[in-house]
Structure formats: C-alpha cells, structure tokens
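What follows is a group of structures, each given as structure tokens.
One chain, chain A, links the two complexes that follow: it is found with chain B in the first and with chain C in the second.
Entry: the complex of A and B
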C-alpha cells in the first residue's frame, strides 16, 4: 500500500521531469525561436535574477495581496449573505431569481464598469476580485445552510439553545463542507481575476510583469512569471485542501 | 399502577398529581384534523406507552407534549402550566438517531452540546460526560464519531444526551423501531433500569404492541382519522420486568390479546 503510493508519486515526478526535459530539448534545437520560447534553464535563471534583484518578489507580493484581500472580502460577504439567504426560505424565494441573473454574468464584462466607477485603482481590483469570487462561495453557503437537517433544529429547540448558539454550533458546522468547497473554487477565481486586473489596470503584480515581459519580447522573464503563477495556484490549493481535511476530520470517519 | 384508569377520560382533571395533562387537545394542520380530541394525564414517575395504527397521530401527540407543536384546541399543561414552547425538563428521544446527532461532534461532543446549553462550566463537563457515557454502556467510546457507531450505540448516545438535560420527562418516539430484535430487547431493559434510577416520567410511542406492554405502567391506544383515545389499559405486571418471565405471564398474554384486538378493530 505504502509502496504503491510512493511508486505513483515517483512516476508523477518522472512525467514532470520528462516534460521539462522535452522543453529543454525543444529550446536547444530551436524548434521554436528563442524569442518566443526560452529553455527552462533561461527561465530559471530569470526567476533567480528576479528574486535577487527583488523585482519579482515585489510583483509576487502584489499578486498575493490582491488575491488574498479579494478572496477574504468575498469569503466574509459570501458566508454572511449565504447564511442569511440560506437559513430563510422566504429570503431564498425573494433573492434566488436575482442571483440566477447575476451568477452567469462573466466577470470580465464588469471590469470596464468597475474601471469607469472606481478608476484604475487598487479599490477597483479589490471590487472585481471580490465580486467574481463571491459566487461559488455564496451559492455553496446558501446550499449548505438550506440543507441543514431539520431534526437538528428541533434538537436545538428542545434544548432551548440560544439563536447564536444554533448558528455557530449547528448551522455553520453543518454547512462547513459546502462553504469550504465554495472557498476552494473562489480561490482559483481570485487568482485569475488578480492577474487580469493587474494586466488591465497596470497594478503592481505578476499580471503586469507577464504582460510587460511579453510586449518587450523578454520571453525568459515572461516564463518566470507564468511559472510563479502556477506555483501560487498549486500552493494555495494545497493549503486549502489541508485546511479542509483538518476542519472536516469527521467526514473521514464516515467513509 | 399508581394511577387509576378512570383519571384518563376526565375532561378537566385536578392538576395536583398530573405532570403532563392533555385537556381536550385538538390539532388541525392545513385544514385537516390530525387530533380530535385527546384528554389524558401522565403522573410523575409513570411510564405511559402510546400505540395505534398508522395515522392515529401518536407521534403528533408526542410533539404536542414536547411543545414542538401548539394545539389548535384545548391545552397541554406541564405541572399545571400551559406548554408554550419546549422546556428543558422535557427531553425528546427521536427515532432517527442518525439525524438527531451532530455528525461533526464525537460522542463526548454530542453530550457536551446539552451540557453547554444548560450552562454547565467547562471544568465539570468532562466528568459528567464520562459518567453519562458509562450509564448508557458507551464507556470508552467518547472519541468516536456517530458514524463510527452501530445503530444501537447511536441511540444510546442520543439517550445519554437527553439525560444530560437532567429531564423530569423523557418523550420517546419509537426509539427502538429501527433496531434489530436483540438490540431492541437489550435497550428496553437498559432504559427501564435508567428510568428506575432517575425516576423520570416516560411517554413512549411505539408500534410494537408487546414492547408497549413490556415497558409500560399504562398503555393508551389511539384511534386514527382523527387521532383520539380509544383504549386505555393498566399494566399490572411485577417489576423489574424480565424478557422471558414477563412475556410469558398470563396477564401479559391477556393484555397482548386485548391490544391486538383493539388495533385490528381500529384499522
């Protein structure tokens, strides 16, 4: 059992190594012009240079900040609104059609609106990221709160639980799996929108770095930025899964 | 045995000894009469079993006694006071233990929910939890989640959580209905021992006629459409009850016959 896990992990590393080797080979043999495709060696060198000079680090921090603030704002708003809408059937009936109308709206379409209203500012980026990543979270939370076992509310009534205790001890933990699933989806959306906003509004971040590198044909820098974005996506998703499996230990017992 | 059979049908009973009193209770839900009308009394320390064909409103009657429903006619009183809402002295054991327990809390955590709610200081909770778990035969299972337990264990856990409320009354809605026969008999005896030790009043709804006679001091049979009292039997069988001796007792067999005839006639 243990060995097969180790074997698969080694195999997956071998695939990744193979891809990088192929990339190096293609670059060395100039299958694609080095203007467009740097080898992994040059991309790596550029990454290191970016970090030692501090330029790339500043951009990385910029993107992480945009993403984190937008996502946190969406999380707070999404959970609070979702709890209110989800726990009341009347609220669901009133609000659901509006949500259905807003949800499929591509967020990229509201960026010009946000720019017109808020200018090319950090506030605009925050608003766009929060708005875009709100939806999976809000819908997850609404579903989670709506699906709380009614019997548990009766248990709470029989025990005379105060309203706040019912929310924090019954509704919220019951909705937690749906909320966390929503938060994981939102995290991805937040990263995408952070990059898009940086590109469009010229805000300090990897999005801007990538765009400027591409325009200046600095392909090694471009690839360094893209690689870094990949790492952000991977590491944040990993952290989110770790938090999820820690918070939802009780679900592991069910299987 | 403590309560004479006649008290049951009196329209306005003296509140002196009745812990729970149904006084011409009627309930109409969505224009449909579910109960019309029930008058009965349960005295402190008594075990009253309620049986009846499906649709007779026995679960509804229990929910009225719990304060989860309000009657549309008459009144439900607890120790002389009208029931306006659920009260902590009255605990409810639901049939579907799988839904009534919090899956994200361990056995200890589920009991703790009741202790937290009654305001027991955190320092005292652990000892009380250990005591309650031992009482229902779950010592050593404190750290298990409900989903890691068998049905019988989950129902024991729910009973322990109800006992954590220190209730004067236990309302039990077909608590052993979903369990296999062996587990059910074991739990019947454990419940009788627990109730004898705490002196709690029990109202026990069941569709198992023999279970009703085996557990009860009195058995009330309800008639369906709308629910009303059709039969009331005093069970004069010695305690402690025994799964073999009690069930072979001539009186047990006589009551069983009477109850079966009643159910058959009411369907």
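Entry: the complex of A and C
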C-alpha cells in the first residue's frame, strides 16, 4: 500500500516536470514573447543570482517580516477580543451582529484610509495587514466560544471556577479548532495584503520587487519573485496545518 | 429591559455613529483621513446622483463577474474531470499544489505587462483567484457522489458527456453552487484590490482618487459603498442558495 502511494507521488512529480518541460519548450520556440514569458531556466538563474549577488533575500525577509508582525498582532488582538465577546452573552447580542455586518467588506478597501491617516509608511502596512487578518480570527474565535458545550460551563460553575480559569481551561481549548482555522485563513490574507502594501508604498519586499521588475520588463526577475511568493504561501500553509494537527491531537484522539 | 430584542444589535452602530459625529463636530477636527458621518452621507448622495459611483460599481462588478465566469468555468471543468478520474487526480496533484498557493495579487505585474491596464488584466487575475475554490469544492462534490448513481449511468450506457450532464452535475449541484457563492465573494475582493493597487477603473480606483484629492468624506463614502456592495452581493447569493436548494444547503457550509 505504501509503495503505491509513493509510486503515485513520483508519477505526479513526473507530470509536474513535464509541465515545466513544456514551459521550457514554449519559451525556447518563442510561442509567447520572452518579454512576457521567460523560460524556467532563465527564471531559475535569476532566482539564484538574486540570492547570491542581489537583494532578493532582503526582499524575502521584508515580506515575511511584514506578514509576521501584522499576523501576530491580529492573532493576539483577535483572540483576546474574540474571547471577550464570545464568552459573554450580552456582548454577543450587542456586538456580534455589527461584526457580521462588516464581514463581507473587502478589507483592501481600507488601504486608502490607512494611507490618508498614516502615509505611505511601514506603520500603514502593519495597520492594514493587522486589520485585514483580524476579521477571520475574531469571527472564528467568537464562533468557537459561542459553540462551547454548555454542560462544560455548568461543571465550571459547580466547581466554582473563577472566570479567567473558565476561559483558559475550558473555553479556549474547546474553541481551539475554530481559532486555528481562523489563523490559517488570516495567514493567507496577511500575505496578500503585505504584497499589495509593498507595491503601493514601495516598502522593501517581494511585492515591490515584482512590480519594479515588471516596470523594467525584467521578466525573469519577475517570475523569480512570483515563484518565491508561491513558496511562501505553500510553506506557511504547510507549517500552519502541521501546527494545527499537533495542537489538536488530543481532540482527534477523543473522537 | 423592555427593549425589543430586534433593536439590540442596532444599538452599537447607532451609538458609534452619533459619538463619531459629535466628536468630529465638537472638536472641529480638520483631517485628511476622517469626516463626520453626516458629511460622508452627503458625499455618498452626491456621488450617487452624479452617476460616478454607479459607473464605478458597474465597472467593478463587470470585471468581478467576468473573472468569476472564466475562472469558475475552468475550475468546474477541472474539478469534474479530477473528481471523476482518480488517476488524473493523483497525476495532477503536485502540479496543482505548486500553482495554487501563489497569491493572486502576485500575478498582477505579469498581467500588467502581458495585457496592460484595463478590464482584461483585472479579469485575468480575478479568474486565477476563482479557479481554486471552485476546483477544490467541485472535485470533492463529484468525488462524493453516491457510487450507485455512477453504476446506473453505466447500466444505462450513457455516453461520457451525458453521464456528466445528467448524473454528475445534478448530483453535485448544491455544493457547486456553494463553491460559486464563495468564489463570488473572492472575485469582488480581488477586483477591488487590483483596482486599489494599480488598475485605474472601478470602485477601487474611485476610493484611491478620493484619497489623493484629499476628500476624506468622499473616500469614506466609497468605503461605505464598497461595504454595502459586498453585503448585498453576499445576501443575494445566500437568498438564491436557500430558494434553489432549501435551507439544508446552507448548513453544509462548514463541509
């Protein structure tokens, strides 16, 4: 059984290699102008050159930093606010509908407002990324807290547990799946907003790198940047789901 | 305590609006980023009556829906093919997992040099973003069809095309519609984001122009309008889903 899984995996990689070979073939025979479509060889060379002699590494670190700060800020604020709102029936009644109303708002629309308030600065990017990633987390946390099995609260009351202990020992663990799902969603949002903010404000990062490469028609550099952004998306999602399955192992065992 | 239950959710937004208005009036704030709600309402009415807001809305929605149609069609075709054939699904796995994590806005510079400013580049980026949710959910829906239905199709000796048209699509339709509903939300977000980042048309360009013209009232009016557009789109699609497939379809959201 394991061998067949491995075999399929290999075959699947072979197909991907075939797609790359087709891309190379198309680029070599100039089916599409090399101004728009560099071959994978040129994109790869540009990637390597960017890391060894260029400042691609600095741009990569820049994007990761923007993402990480905004996302961490949103995580802390989202879980704290969500716990506050979700654990109180009154707050849920008065506050949650307003938050639900704001949910379908495309968050990138607050970028101009942030630019007007904070200028084209690092702080603007941080505010936008944090605000944008806050929503999935906040709503996920509220939902998680609201969906806690009521009998657990009754047990807490019988045991005379203080409110903080109830939150940390009962509500937070049982809301963990919803909170982690929110964190995974907001990670994607953080990456997208980081790229847009870097493009608009010219902040050091891959967003600025790909836009400048396009303006100068350096398509190989552009594709190198896009590939790196894909790698960031892939690796962060992978790390998040690894963390998720580790943190929720006790729950999987219970089911 | 005699307040009707239905009014409670409205209390917070109303109080916030009044407090905001009072603070702006009493402190006589002169700001590039804030304006009292009354001024925002006036700017909104002005932009609605002179037609600029409606033209911008039309441009944004046209791009979003064209991108949704294109990306959704590609996602649907691939999703059905991969859902029906285990072999194809396993072979394409690595290729799809390599392309999917690329954030849609990262393709913005590529679309820019290949297609220039305007509708086409925005539609291309929206389409890329819409392919994935539709593909993944259609694949899962088709893969989860009751196997006996497929057996019936075989017994009836339906052609491959008829099998898809008469058995597969009707059976998977509720979840395919759900996929399109989620993709429609993504389409609007991506369209507005592309307009804010670079493309000079639609609501996103409108809000950026208002910011650069130092018109906070108009800028915030655009923000409110974008929020209303997102809300109405979401509500309309939810209503359509309920009428077409009954309330049971909505409960499948988490799946």
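We adopt the following convention: the second predicted complex is superposed on the first by the 252 of 255 C-alpha atoms of A that agree within 3 Å, B and C clash if a C-alpha of one lies under 4 Å from a C-alpha of the other, contacts with A are read in each partner's own complex, and residues count from 1 in each chain.
Definition applied: a residue touches a chain if its C-beta (ideal position, glycine included) is under 8 Å from a C-beta of that chain, and two chains touch if they have at least 3 such contacts.
The model shown is predicted, which means the values in this text are computed figures rather than measured ones.
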Chain A as common anchor, with chain B and chain C clashing or fitting: fit
Chain B versus chain C as contact partner of A:54, first or second or both or neither: neither
Touching partner for A:155 - first (chain B), second (chain C), both, neither: first
First, second, both or neither for A:93, with chain B first and chain C second: second
First (chain B), second (chain C), both or neither touched by A:176: first
Which superposed partner A:165 touches (first chain B, second chain C, both, neither): first
Chain A: partner with more touched residues, chain B or chain C: C
Shortest CA-CA distance between chain B and chain C [superposed frame, angstrom]: 15
Intersection of the chain A residues that touch chain B with those that touch chain C: none
For the chain C and chain A complex, residues of the former touching the latter: 8-9, 11-13, 32-34, 90-95, 97-99, 101-110, 112-114, 185, 188-189, 192-193, 196-198, 203-204, 207-208, 210-211, 214, 216, 219-220, 222-223, 226-227, 230-231, 233-234
For the chain A and chain C complex, residues of the former touching the latter: 8-9, 11-13, 15-16, 19, 35-36, 93-98, 101-102, 104-113, 115-117, 188, 191-192, 195-196, 199-200, 206-207, 210-211, 213-215, 217, 219, 222-223, 225-226, 229-231, 233-234, 237
Complex contacts: residues of chain A adjacent to chain B: 149, 151-152, 154-155, 157-161, 165, 169-170, 173-174, 176, 248, 250, 253-254
Contact footprint of chain A on chain B as seen in their complex: 66, 68, 85-88, 90-92, 94, 96, 99-100, 102-105, 113-114, 116-118, 144-145, 147-148, 165
